[in-house]
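Quick notes on the structure that follows.
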Amino acid sequence: MSTLQLWGQYLPQFLAGLVVSLQLTGAALVLALALGTLLVLARTGRIRILAAIATGYVEVFRAVPVLVLLFTAYYSLAQLGLRLPGFWAGVVALGAFYGTLYGEDMRSGLQSVDPGQREAAVALGLSNGAVMRRVVLPQAFLAFLPPGTNELSNLIKDTSLVLTIGVTDLMFQANAAAAATFQPMDMFLLAGVVYFAFYILLSRILARWELNVQRRRS
Amino acid sequence: MHVVALYWQAIVDGGGVDLELTAIAVAVSVVVGILAAVGRIYGGKLLGGAITVYVEIIRGLPPILQLFIIYFGLSQFQINLSSFSAGLLWLVLYGVGYAVEIFRAGIEAVSVGQREAADALGLTRVQALRKIILPQAWMVMLPSLMTFLVLQVKNTTLLYLVGIADIMYQARLGTSATEQPAIMYGMAAIAYLIINLTLSRIGSTLERRQALYR
Amino acid sequence: MSSDVVVDIEGLTKRFGPRTVFEDISLQVQRSEVVAVIGPSGAGKSTFIRCINYLHPFDAGRIRVLDHELVGGGAPPSKATLRQIRMQVGMAFQTFNLFPHLTALGNVMLGPMETKRVPASDARDKAMALLTSVGLADRAEAYPRRLSGGEQQRVAICRALAMDPEVMLFDEPTSMLDPEMVGEVLGTIRGLAAQGMTLILVTHEMQFAKEVADTVVVMADGRVVEKGPARDVLEHPTSERSRTFLTRVLKPLETVEDGQEQGQHGGQESGPGATTALGGDHP
């Protein structure tokens, strides 16, 4: 069968795989942002022990490969009695790792805000909450966006790791099709086209969004 | 506990394989990366454009897919690479894609004034690069180079998929023999932790040492 | 007399770790009085003025601001007290510190809307009126990035004025400005003085201090070395320390004053701007 015919035949399966990849990305992103927020709160907060735990967590989870985290979430936790379905093991592993990155991005975003800004807001009589909400966070967000969106496109690529635990994402579909057709290059190229098209689309959208946010404020 | 004692040596052997591959791949990709970065900045539209596209592809495709294209994909054209060569080739191709960007950013971070000063002295472009720009860029690039090194160590985890006997391969082998994944992947995690934390320590020591010269 | 004292400072002492920034500073400021704090850099002037609205806590002494009492050393004042003080005491900073993500108008509207729940339309009217009074009505929709330093500082002053403060603090409001923009900001401050606003300002503009201030306080080496009516202190300093400081600062000024270059604000300062409303010299 010609490559194009094959592509036509397998495209629906690949797109179904892409949907799984995107669901995984979305769920892992939510977990990572929540965890990142907690890590920032813990690290900037007053409770020493929490700050130390958060710092330790970041050090360790940044140094361990995602695949090891994934196998831990899938196999090790099961052995210890917590049996996660593959999809959720993927969410936990990716969220646990990307949470450290997002936490760091948020922290440097907050640190990038000039202390004079806080001072000026406080001098106006704004409450602590209002200082954060109206003055610090809007500026920190702007600084957070570029690394944050970069992290997101890495996250999408890393979802492909769940192939190893049998989650039927895009990479899994490609691998299955490669084995079934004996034309691995054709199938992996199709997967590449889908991933790449999505990558380009997403990075364009995110870049435009970033530009918009920046332009609205200058 | 005897499981740990039994398999620790295998994990250490796997770590050796990982480090060997990382070292070779990083060395090659640094050299090629510098050349490609220079090509991207000074190489004109065609060369610069080609390098940009290459970088985008490496950054846009999932690592697993890249590895599978090299190992399984090429076999469709009767190019059957050994596990080791496929793994190494991928680490190099991937590494070059990252190193280009690191060196480009480093070179461009050196101020235009420095480049002008080098031109004004009558240095050739290669001389300016070697004597003026790269020594300054080094400081800027050091953190990202260390991140890159750690990233490559982590990337070696994928190599078990093509049958290279790295840490992950050993941990999986151990798991199927003992049915103790918690211990096996725990050992793997510790092994990576030791390697990567050591690398980051070396990196921050170097940074501090470099900062003294400024 | 004491009934009209709006800021009463007694024995104020501030330390950073083992270093004493200033010690035992006392100062009474009457309603509508203009106090200029001068002195060599590093004398603790900026830290001192920041104690008045408690941006910096202090270690000993007390400050009474309007009806509020701040005491050094012990527990910090309640959040409510602090917010009250800050709502009644406006401040302009050396580096302006405008909020970069808000327009000039947005900067001026923020305070009343957040702290007093003023409806947006009212806040907007008031902000526009203030910006108009400093000659910036046409810059209302501009973001700080697009404004010159002088424009930014005038917006920052409006931001503080939008809260209807009873006292205004200025921390070296012109020292980050290009020379040609100093005049417009000083004009605005002069307008405030003319309207009877109580002003405490840290400044290096001796000529301006001489003209506008009622009282000059000279700080050096962490203490007040001289305090009195502006003209007396600046022209006939009695303390040795303030004499050395003033000869160093005033000498170059006096020589320039005879020359032509001084025209940019020397001229404005004696011009009509001195008595008209806010920044009247900048239509």
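The letters A, B and C name the chains in turn, as written, and every chain counts its residues from 1.
We adopt the following convention: contacts are C-beta pairs under 8 Å (C-beta built on N, C-alpha and C of every residue); 3 or more make two chains touch, one makes a residue touch a chain.
This is a predicted model, so every value here is computed, not measured.
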Legend entry - Farthest-lying chain, centroid of Cα atoms versus that of chain C: B
Inset, instruction - Please list the single chain whose C-alpha centre lies closest to the global protein C-alpha centre. - result: A
Inset, instruction - Please give the pair of chains with the highest number of C-beta contact pairs. - result: A-B
Legend entry - Length of the line joining the C-alpha centres of chain A and chain B, rounded to whole Å: 21
Inset, instruction - Let me have the rounded angstrom distance from the C-alpha centre of chain A over to the C-alpha centre of chain C, please. - result: 47
Legend entry - Euclidean distance of C-alpha centroids - chain B vs chain C, Å: 55
Inset, instruction - Find every residue in chain B that makes contact with two or more other chains and list them. - result: none
Legend entry - Sites on chain A at which at least two other chains make contact: none
Inset, instruction - Mind listing the chain C positions that touch chain A in their complex? - result: 53, 55, 79, 83-87, 89-91, 93, 95, 97-101, 110-111, 114-115, 143, 145-146, 156, 159-160, 163
Legend entry - Footprint of chain C on chain A - complex, ascending: 114, 116-117, 119-128, 130, 134-135, 138-139, 142, 217-218
Legend entry - Touching residues (chain side chain B, partner chain A) in the complex: 56-57, 59-65, 68-69, 72-77, 150, 153-154, 157-158, 161, 168, 171, 175, 179-182, 185-186, 188-189, 192-193, 196-197, 200
Legend entry - Residue ranges of chain A in contact with chain B within the complex: 59-60, 63-69, 71-72, 75-80, 153, 157-161, 163-164, 171, 174-175, 178, 182-186, 188-189, 191-192, 195-196, 199-200
